[in-house]
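Consider the two complexes below, in which subunit A is the common component and subunit B and subunit C are the respective partners.
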Partner chain A sequence: MSESTVRYSPRGRTRAIKSFLCQFLGHGGAQAGLVCLVFFLVLAAAPNTLVGPLQTAINATGDFLVPPSGEHLLGTDEVGRDVLNLVVHGARISLTIALLATVISLVVGTSVGITAGYYGGRVDVWLMRLTDFFFVMPSFVLALVITPVVLEVMGRGGDILGFRPSLFVIIVVIGMTSWAFVARIVRSQTLSLKERTFVDRARVVGSSNIVIMVKHILPNLLPQIAANGALVVAGAIYVETSLSFLGLGDPLQPSWGTLLALAQRAGAASAGAWWDLGAPGVCVLTVSLSFVLIGNALDDTFNPRRRVIP
Partner chain B sequence: MTLLMVAILNFILFRVIPGDPSSLLLGGARISVTPEQIEAQRQSWGLDRPMFPDQVVDYLSATMQGDLGYSFKFRGRRVADLILERLPATVALVGLAQVIAILCGVMLGLYAGWRRGGAIDHITTGTSLALYSTPAFWLGMLLVVIFSTALGWLPGYGAHSPGAVSGSLDWLLDYLRHLALPVAAVALGLIGQYVVVARAAMSDVVTEDYMVTARAKGLTNGQMLMRHAFRNAMLPVVTLIALNLGYVVAGAITVEAVFAWPGIGGLTVEALNARDYPVLQGIFLLLGASIVVANLVADLAYGLLDPRVRQ
Partner chain C sequence: MPDTADILRLESMQVHFPIQGGLFDRVLGRPAGAVRAVDGIDLNIGRGEIVALVGESGSGKTTVGRVITKLAQPTGGRLLFEGEDMTSVRGSSALRPYRHRVQMIFQDAYQALNPRHTVFDVVAEPLRSLRLVDNASQLADRVSEALAAAGLNPPGDFFARFPHELSGGQRQRVVIAGALAVRPELIVADEPVSMLDVSIRAQILQVLVDLRDKHNMALLFITHDLPLAWSIADRIAVLYLGKLVEIGSADEITFNPRHPYTVALRNATPQIGGNADRGKLPALQGEVPSAARVPRGCRFHPRCPLAFDRCREEEPPAIEVGPQHLSACWRSEC
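On to the complex of A and B.
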């Protein structure tokens, strides 16, 4: 396929988007994932109108650890808060953390990958060495060491951009430690893209390196970035849940992981209170499974040559 | 290289924390301490010397000799001792879970990839994707609810029953019974992952030209599987297993927290809650080291499996 025969036409682009959507939505996994995701996004968008304000130990509405009933659809936790209420509010916090962390991770990963691939040489060697470090060290382990230190330095009070500091720190730390995978893929794609004629043409016209990277190479990388972005979200949810479970979350803005931590500390498992620990866990499972399914479907749609796990 | 970066990151993180050991040991600002005393402390800890290169070099050489500093929480015990004491429990947990997961996960995955589209493939792949997306510690909590609280079959807490005498056969059985649920939790999460990768590897291999050749030669299914498909499909799986070690231990940390398992994970949680940074950093270093070793092992295993690498 040579570039000279393919003319830009708006109709061609619309058709391309349409055929992409058809193919993407043809995956059973993608459909299921999207449906779940939309459901949780609605929960996250309007928790107050759906289940009322976040309950605390002060305005809790039920008895301690009541099994699910008509009044409390998912039962209550160890201080009498309605689990449904907590879980819906947790959706907002968990999803915000995961999505913001993913944005950071994609921005860092893409910048590092493009720069390394485009400039090559010594820049490439050093950036990739850095990437290798973050690639082999699990994001969770790095975050486990960095988060408490940063919290100690910044303190836990107040809030930053509407987040409690501990959540803000978790977002940044997850974002800054989970970009290596994206950087590797972006770099390898950039290596092949920069040899194409359209890059030469842009250079002949006099475009600067930055312009070539942002306007010519980046758009061609978007499919890969999108597919991996979905997987990064799943990873971010996992890391966030685990960190919060170990007590690094914030009890005033409880995510699903924090709820699990509270359930664990209250001995919900040995008390047989399956609803208290089941509800947040099922949410984590569903959301991250949705993102994995969507990511796989995107990957499958974008590279038809690769056979992907369903 | 990775280890050096871990060590340097450790060093930087440790210096970022406000306050230094001297003020901590002297009881903070609440008790009146003369500036001379602080200065003497600072000198004895070597904090009066320039940060770079003196302190960095000191730190690195001490770390090389296995001196990881002293714990805050455990009354100044050596971090290296603390970690060594807890290590066997984690090695038992992670090792056993790995073996089970490799046996079950890889076999199931390879089979699912071999018989793509079959009933077993659909069930296995669906289940393993779900397991793959589930945090291992939550599986652990569910296992406790089901097998410990509801059914009462297995203990869901600690490593020993109270009053168990060390060394006897009963003691060992008791230990294994306590080990069962944590191992199951870690292994289930891993099985999900291994199935996904082994299946993808196998389905790549099945469509290769040499498989068509093998069939054309008249080999039976079993011969094709054992002679041609298995070794090739194992390549990516071996890489994953080795690279995965860090993630396995990370997962084990949270699982240990659920079961109050007296391993590195339990130590991490205690250190985290007490803000015991030397211990946290020791664990971090240990993880870094084991990940580096795992990578090395992966390279060696690759050489054994793939003759092309050996040359």
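On to the complex of A and C.
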């Protein structure tokens, strides 16, 4: 970048961001969602300093299925592990899986949608048929089929980018099965954006198609991508929990879904151990809800009739 | 009069947009029609010449501009730039030398500016994409120079502004600066002042005329406003339903029009101080026919007060009625 753009401070952009934040934070749903989210992000960021290392059957600190008490705030599970400890460590796994899956989903969905919308014609037809395929495919069923197959092929040992293979597979599978809805939204927005005069101007001044897509169309899509991204995270948490609940999670890196599965298998419900099922369940509910609230608030803020970022 | 060597030449330029027939039409074997937006135009623009293209909405004048700037692909005819055939050249890298020399100014300056780009980004974009600068300081210099030439002073004050922080006139100046930045030889200006306040129009027009005077830049000025065309152009071409009906020097077209359509256009212009000096023809009746159903014979005959039998059967060619003055009307033969 040139020195001149640095020398002249971008006051226009700062002001736009400021007024966007004001409007976004004035939204009741956004406030509630952000508070919950920040709380869980803190848990996920430092589980060891908050509740100590992850407990296993070997270093479990309590008796079996003890109800919540001063010593174990959320009670213990069937092998005596502290549920609070498990839930806090689960936050890190669950949130990481959901966020990484969302990143994959947004990158794939945005690329496919923008390419289909911009080039149109045959490219559009084929990419959209592919999208339709993933769109009508119940992503949960697809994930349920793909995950064990991939695990069988790759094996459960070792780790990929710090994740046990089973978690890594879940991330990729959720990402690959949730992009269709993003692609459709991005395509429809691209169709209207590419007819705008500034795209014609960009062509006349010699910008290539790639530059037009990245510099002209993509920045104008960001509001929609952000709002829908938050909804994708909520969906990803839900799918991850369900897959883990059905036993596709990893017992050594337990997410909330895995904890629910373990509690259910130990008969926590019939034993009256509500804390064992309730704690992870409430966490899943709260986090999904807060992402949905944030997504809706973003959607509201970016609404073209009331949008503040030009 | 400027140098007569042509910089740009359109030869029987055609742009037809096919109409997609419904399933029913296809089954019945009905022929799919076409919207004949531009239907055989011959036009040349000399170096440093200002040519105005005048026509009603729907006459195809914007499409002509889009063909010249390679935003629309012609379905027939040739586009010659300095004798070189540019008709079938496509792709941003192949067109780079052409883009360097032909630029465009858009009608709606607000739409033509990306709301997320600063003025600096807008003006720097052609310099970057056409690889005309080597380093950042050269880029900043060229951007300042272009902004100053378009009348935005001091240029530095505008670098970090966004389009929504500018007035309508300033926005149009930014669009002009973006076109000037590459120092083109031909600018296509599509109704550059129609969205502006009357008080700002004169300033913008002055910027355009100055460019011609200082840099010998040619200008194709697309407008619906005959008096405006007269005030800026050397020559005026009148377009009706995709075809040129009359072309000649600005004074000839304005004060001695030969085609009944041009006469009607002139008469439709409101004048301060009453309408004492009106031609003998009544104002135009009816709408411009659809370009999908161009009338047989002379395309103006359904609205022409002077039409006679021949007009309904045969399409008139361009007939020379004076020095460099052509009119496509059977009446101008005699």
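Throughout what follows, the second predicted complex is superposed on the first by the 294 of 310 C-alpha atoms of A that agree within 3 Å, B and C clash if a C-alpha of one lies under 4 Å from a C-alpha of the other, contacts with A are read in each partner's own complex, and residues count from 1 in each chain.
We take it that contacts are C-beta pairs under 8 Å (C-beta built on N, C-alpha and C of every residue); 3 or more make two chains touch, one makes a residue touch a chain.
Bear in mind that the values here come from a model prediction, so they are computed numbers and not experimental data.
S.K.: Touching A:Arg196, do we find subunit B (first), subunit C (second), both, or neither?
M.R.: In the superposed model, A:Arg196 contacts subunit C only, not subunit B.
S.K.: With the two complexes superposed on chain A, say which partner A:Leu289 touches: subunit B (first), subunit C (second), both, or neither.
M.R.: It touches subunit B, and subunit C stays clear.
S.K.: Identify the partner contact of A:Pro219: answer first if only subunit B is touched, second if only subunit C is, both if each is, neither if none is.
M.R.: A:Pro219: touches subunit C, not subunit B.
S.K.: For A:Phe140, using the defined touch cut-off, is the partner it touches subunit B, subunit C, both, or neither? Pick first, second, both or neither.
M.R.: Once the two structures are laid over each other on A, A:Phe140 reaches subunit B alone.
S.K.: For A:Ala271, is the partner it touches subunit B (first), subunit C (second), both, or none of the two (neither)?
M.R.: The answer is first: A:Ala271 touches subunit B but not subunit C.
S.K.: Please tell me which partner, subunit B or subunit C, touches more residues of subunit A.
M.R.: More residues of subunit A are touched by B.
S.K.: I'd like to know which partner A:Val204 touches here: subunit B for first, subunit C for second, both or neither.
M.R.: second
S.K.: What is the contact status of A:Pro251 with respect to subunit B (first) and subunit C (second): first, second, both, or neither?
M.R.: It touches nothing on subunit B or subunit C.
S.K.: Residue overlap on subunit A between the subunit B contact set and the subunit C contact set?
M.R.: Subunit A residues touching both partners: 310.
S.K.: Which residues of subunit A touch subunit B in their complex?
M.R.: That would be residues 129, 132-133, 136-138, 140-141, 144-146, 148-149, 152-153, 234, 238, 241-242, 245-248, 260, 263-264, 268-272, 274, 277-278, 281, 284-285, 288-289, 292-293, 307-310 of subunit A.
S.K.: Give every residue of subunit A touching subunit C within the complex, in rising order.
M.R.: 1-5, 8-13, 16, 196-198, 200-209, 211, 215-216, 219-220, 310
S.K.: Which bits of subunit C are touching subunit A when the two form their complex?
M.R.: By the definition above, subunit C touches subunit A via 66, 69-71, 92-93, 95-96, 99-100, 103-104, 106, 108, 111-118, 120, 124-126, 129-130, 136-137, 139-140, 143, 156, 159-165, 175, 178-179, 182.
S.K.: Under the touch definition given earlier, write down the residues of subunit B that touch subunit A in their complex.
M.R.: Where subunit B meets subunit A, its residues are 1-2, 5-6, 9-10, 13, 16-18, 125, 129-130, 132-135, 137-138, 141-142, 144-145, 148-150, 156-157, 196, 199-200, 203-204, 207, 243, 246-247, 249-251, 253-254, 257-258, 268-269, 272-273, 275, 277, 280-281, 284, 287-288, 291-292, 295.
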